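The data blocks that follow each hold one structure.
Next come two complexes built around chain A: one with chain B, the other with chain C.
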Partner chain A sequence: MNLTIFLLALFDGISYAALVFIVALGLTLIFGVMRILNVAHGSLYAIGAYATVSLTGFFLALGFAPVFAFPLMLVSAVLVGVLLGGPIEWLLLRRIYDKPEVLQLLVTFAVFMILEDVQRLVWGTQPYFQASALQALGNVTIFGVTYTVYQLILLPLVAIALLIGLRFFLRHTVIGKLILATTEDREAAQSIGIDADRVFLFTFVVGAVLAGLGGALASPTTSILPGMGADMIVLSFAVVATAGLGQIGGAAIAALMIGLGRSFAVYVWPEVAVLVPYLIMVLVLLVRPEGLFGSPVARKI
Partner chain B sequence: MSEISQHSTPRRAAKSGGMPSLRALLTLLAVLLLAAVPFIAPSMQLLINLALAKGIAVLGVTVLLRAGQVSFGHALFFGISAYAGAFLMASLPGADLILVLVAGVLGAALSGLLVGLFVVRYRGIFFGMLNLAFSMIFWSILEKFYHVTGGADGIRLPRPTVLGMVLERSGFEAVIFYLSIALMVLLGWLTLRWFVSPVGQIFQSLKTNETRLEYLGLSPKRVLLSGYLLSAVLCGVGGSLMAMTQGVVTPEYVWWVRSAEMVFIAVLGGAGSVRGAFIGALIYEIVRVYASAFAGDIWQMLLGGFLLVIILFAPKGIMGIADGLIHRGGKRRATTAEEAR
Partner chain C sequence: MKKLLTTSALLAALPLTAMAADKPAALKIGMTTFLTGPASVFGVPARDAMDIFVANLNAEGGINGVPIEVTYIDEGAGAEALTSEFRRVAQTEGAEVMLASISSGNCQTLAPLAEDLKVPNLMWDCGTQRIFEEHSYDYVFRPQGNATSEMLAAVAYLLKTHPDFETIAVVNQDYAWGRDSWDIFHTALEAMKPGVKVVGEFFPKFGAPDFSTEISRLQALRPDVVLSTSWGGDLDTFVQQAFQRGLMNTSTFVLPLAESSLERLGSSLPAGHVVGARGDHYFLHPERRDDPDFKGFMEQYKEATGDIPVYSVFHASQAFAALKTAYEKAIADNGVDWPDEDQLLAALDGLEFQGLGRTLHLREDHQGVESQLMGTSAQTGEYPFATLENIMIFDGEGLLPPVGETSTDWIKGLDASFVDGLAVETYDN
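Our next item is the complex of A and B:
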């Protein structure tokens, strides 16, 4: 393996890890606060990507500059979070917080099945491709390896900004502290006047926006196909499980491990590249059943 | 799906009293009706056969639901068994049907043991999602190593011989059909017996309180593993029957949609109900065939919608509704009203 290939694999891994991290961040945030694993998260990711492609295509056809694609990504992500995430929490999840874990899983799984078909009804089965955001930023050459600025610099920057921003938000703002208080003890939080329902709704919408944003940012780098949501939910679960459910900082490290592992496998042994994330997850869970950064839960008797 | 009671003793008492219960009578009638399908409605035979194969696999998911666990990846064992049969037929042309079935079930049991040893360390979310991850791994292997597995096209599973005889298509279909019915009755009965056996009872108590089990000096992991093995074997039998009926195996056997379908049918039939698994599978297959003409594009959406409705409004599924009707129809005994199904 020479330097060029090494660098290519490294860059691939970093940009891929950044994308997966953004999606996994939403998943782990929702789980950490609400104790619900949202299987429909993968669909929100896919719909975020589809919405970005459609909106960008529409506005570019009107004659807007390609740079305009960036605000449209944010717009699609917020649309996904508010129009889909909001009703899902408000109409469905709110009814099942006191039900067994398995039922909650089944409910989000049902939503996932519904949204998969919604995508196909709205956008059809043919692949979409819209790379104007990628081209707008041009390329950069490092040690003789040319790579797109979008993937090598923008994506990791967004991921790091989200990681730091979310930590700051949770620890140093009032709303963030309300969320943490509700996570710690829902009943105690309600007894001092925190509206737990609103905290949950807000958290779920933020998580859904992150899923949509992941899809929006991924859209210029890949072709948008049916089934990408199913792949992403399993992959982001692998990241979240490797890190330990609810661990925000850990998810970043797990995403890097899995992203780099996968991209190096692409150059060394392409057939098994898809398997590498799961192999890493299984290996980690064999040694540490609660994930790298998770702590064993005290049991209630 | 929340109250699955230990109902063994009252029912056995009823049986030993010599009074065949209404439920046993209805079950017998239903089996006889199914056995008559090739004579009354030959066009339905293939459809019913596929439904029975699926029903046996759904029974595997149902077993796990009794312990309060849901697996989103049990199509893994369905597919492994089907591929084991196909590979056997490829390397040993003209192998016997029994051999194909045994090879499939062995494959499912072996992989069930390997995956089971890992996943029984988890419950709830992790249990469901890790199963899903394993099925996705196997699916990618099937798709990527196409020189061995035939990729997305899959591999053909030629018609096996039956006890050394080479059968025509119609004869073979009849054999498979009655084999499926026999296996349904046998495995359904065995599973019911297993539920009332000591291991089965301990297995179901995983749902209520696992810590108490440990205080009794029992290992919840080992108990869950035994149930997991049973569920893998059941899925294996279903997969093998399905593969022999269809004559071809594809990665679609392992695809998450297939696992989701199994979970859906199990919940539809009545989570935790043995009869419900088969009734659910029959209704599901029949509706699917007729609905696919005009609802093929939104099939998953309908499934998801129905799943939500069942979970939120009829958590005991079809069997729960049927039991309600039976009880309303007469003998409302205080004891039997308690033990639904």
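Our next item is the complex of A and C:
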């Protein structure tokens, strides 16, 4: 393998990792704070993508410039977080925080199944493609290989901004500190006057916005079709499990490992590219069952 | 005495009942199709088309006065649900004929089941060539071609239009069709143009949302030809991403299933790439587009769905035509009001019928002989998506191994002269 190929694989791996990380970030945030593995995260990702495609298509048809697709991604992500994430936490999850983990998993899985059918009902079964945002940024050519600026530069930048932003938010703002306090010990936090219900609601909405944003950012690069949410939840779960549940910085490292592992596999041994994310997860979990950055915890029961 | 009379009357009537079935109130048929899952890009249009065919025929009075009723079974629900639904529709609901299915895996499961249940089954869309090469069935027929004829047509078109290419790479979906179609294509290429070098073989997982790495790799490899037999969302994503990154300017793409993605791909499928249609299926079929039945259906379909029909619609039309023609033939041949099962099976043997494409016929092994249409993409501005030019329609007969031979053995024995021996009609557009 020469240096050119090494660098090409590196670029591909980074842009892939960026997208996976953005989705995994929301999943791990929700788990870290609320101790709930939200399978419906995959649906929120898919609906974020669908919403972006529909909104972009609508506004472009009205004659807006393609650059307008970028604010619409944010709008879609916030809509998903508020209109879907909010009610899911408020109506369902709030009732099951003290229930067994299996039940929690089943409830979010049920929400996932329901939302999958909702997508089919609203958007049908035909694939959509809406790449205006990506085309607006153009291409760059490196070593004779053409990349899109969107995938090679924008996605990694957004991922880094989100990582730094979220860490700053949690450690240096009042609301962030409230979230950390509630995560540490819900009862103690409540006893000093923190409204844990609101903290949970807020966290879940933020996590859902991140899922929607992942979908919105993915939408110009791929076909939007039923089933895309299931794929993404499996992959982002692999990232989160490899990192250790609830580990935000760790998720970034794990996403990079999985992204790079996959892209190098395509260059060196394409047959195993599909397996790589899961091989990495299995290898890590065999050595460290709590994940790369997780710390062992006593079982609840 | 009375008993004796009744018995004699019954015995006298017996030959008659053996000759013909009672005319049913309705001809019930069951059709398996993908209503959910990725393959619903084929299944839903086929169902919409079937609704139109049935409504049209029933408006004319059905078959010999018997209207048709279709029950749809979702192939997307999984193999177990599919087989039990198939059983239920064939047995409990009393469907006389079944149309199954889209997925090759499902065809391989349902063909022996149809045989067990003794219900005539028309395999209306699945591609695997193995069914009649590895088994023989009394109740199973295929009113369409198979993977062998489809891949050989693609190879033949490529060799005719790009005789000088030297390198090829493949990007197929990682499941039975992706692997099998590449096996056939590769074997045929080795037999007919032995010098071609395969520089890359990629099998990204079924439903992969991202082909960026494969595309970078292909840009570094610079193959003359990139083959992909992918379909649906996978094909759309691959072509879009390849187009966005300029790969389609440096390599010629061969996309044997791209006819079904033309409308969705819009301007992202530039001119000069090879497009196939799994048969002579194209909404501007050069030999059929001016025929009243063809034009009439295109208008009806456009009105009902807002889209142009894709190949699965043509496959549904062929299965429906085979069904209708077989019943009419059985009724006429036997001079009955309604045929019994044996009469229907006899009519299906060697049947000639015509759907929306050219006339087809069934061989003695029940395999359909279907012409294959291939073309090159062109952006003419007449439609907001690519249409085809330099269209070739290959006669199906030359693209199938003789009855009793397996495709692999037959293709290995072919050579460069195969392409010149094919019967083909060429059209500018």
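Methods note: the second predicted complex is superposed on the first by the 285 of 301 C-alpha atoms of A that agree within 3 Å, B and C clash if a C-alpha of one lies under 4 Å from a C-alpha of the other, contacts with A are read in each partner's own complex, and residues count from 1 in each chain.
Please note the rule applied: contacts are C-beta pairs under 8 Å (C-beta built on N, C-alpha and C of every residue); 3 or more make two chains touch, one makes a residue touch a chain.
This structure is a prediction, so every number in the text was calculated from the model and none was measured.
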| item | value |
| --- | --- |
| First, second, both or neither for A:E271, with chain B first and chain C second | both |
| First (chain B), second (chain C), both or neither touched by A:R120 | both |
| Which of chain B and chain C A:F237 touches, first, second, both or neither | first |
| A:A9 touches, of chain B and chain C: first, second, both or neither? | second |
| Partner chain in contact with A:P100 - chain B first, chain C second, else both or neither | first |
| Which of chain B and chain C A:L62 touches, first, second, both or neither | neither |
| Chain B versus chain C as contact partner of A:L92, first or second or both or neither | first |
| Which superposed partner A:M281 touches (first chain B, second chain C, both, neither) | first |
| Contact residues common to both interfaces of chain A (with chain B and with chain C) | 120, 271, 274 |
| Touching residues (chain side chain B, partner chain A) in the complex | 1-2, 65, 68-70, 72, 118, 121-126, 128-130, 132-134, 136-137, 140-141, 144-145, 211-212, 256, 260, 263, 267, 297-301, 303-305, 307-308, 311-312, 315 |
| For the chain C and chain A complex, residues of the former touching the latter | 35-38, 40-41, 44, 174, 200-205, 207, 209-210, 212-214, 216-217, 219-220, 232-234, 236-237, 240-241, 244-247, 264-265, 268 |
| Residue ranges of chain A in contact with chain B within the complex | 37, 92, 95-96, 100-103, 105-107, 109-114, 116-118, 120-121, 230, 234, 237-238, 241, 245, 271-272, 274-275, 278, 281-282, 285-286, 289, 299, 301 |
| Contacting residues of chain A [partner chain C, same complex] | 4-5, 8-9, 11-13, 15-16, 19, 120, 124-127, 129, 131, 134-135, 139, 143-148, 151, 218, 221-223, 225-228, 231-232, 262-263, 266-267, 270-271, 273-274 |
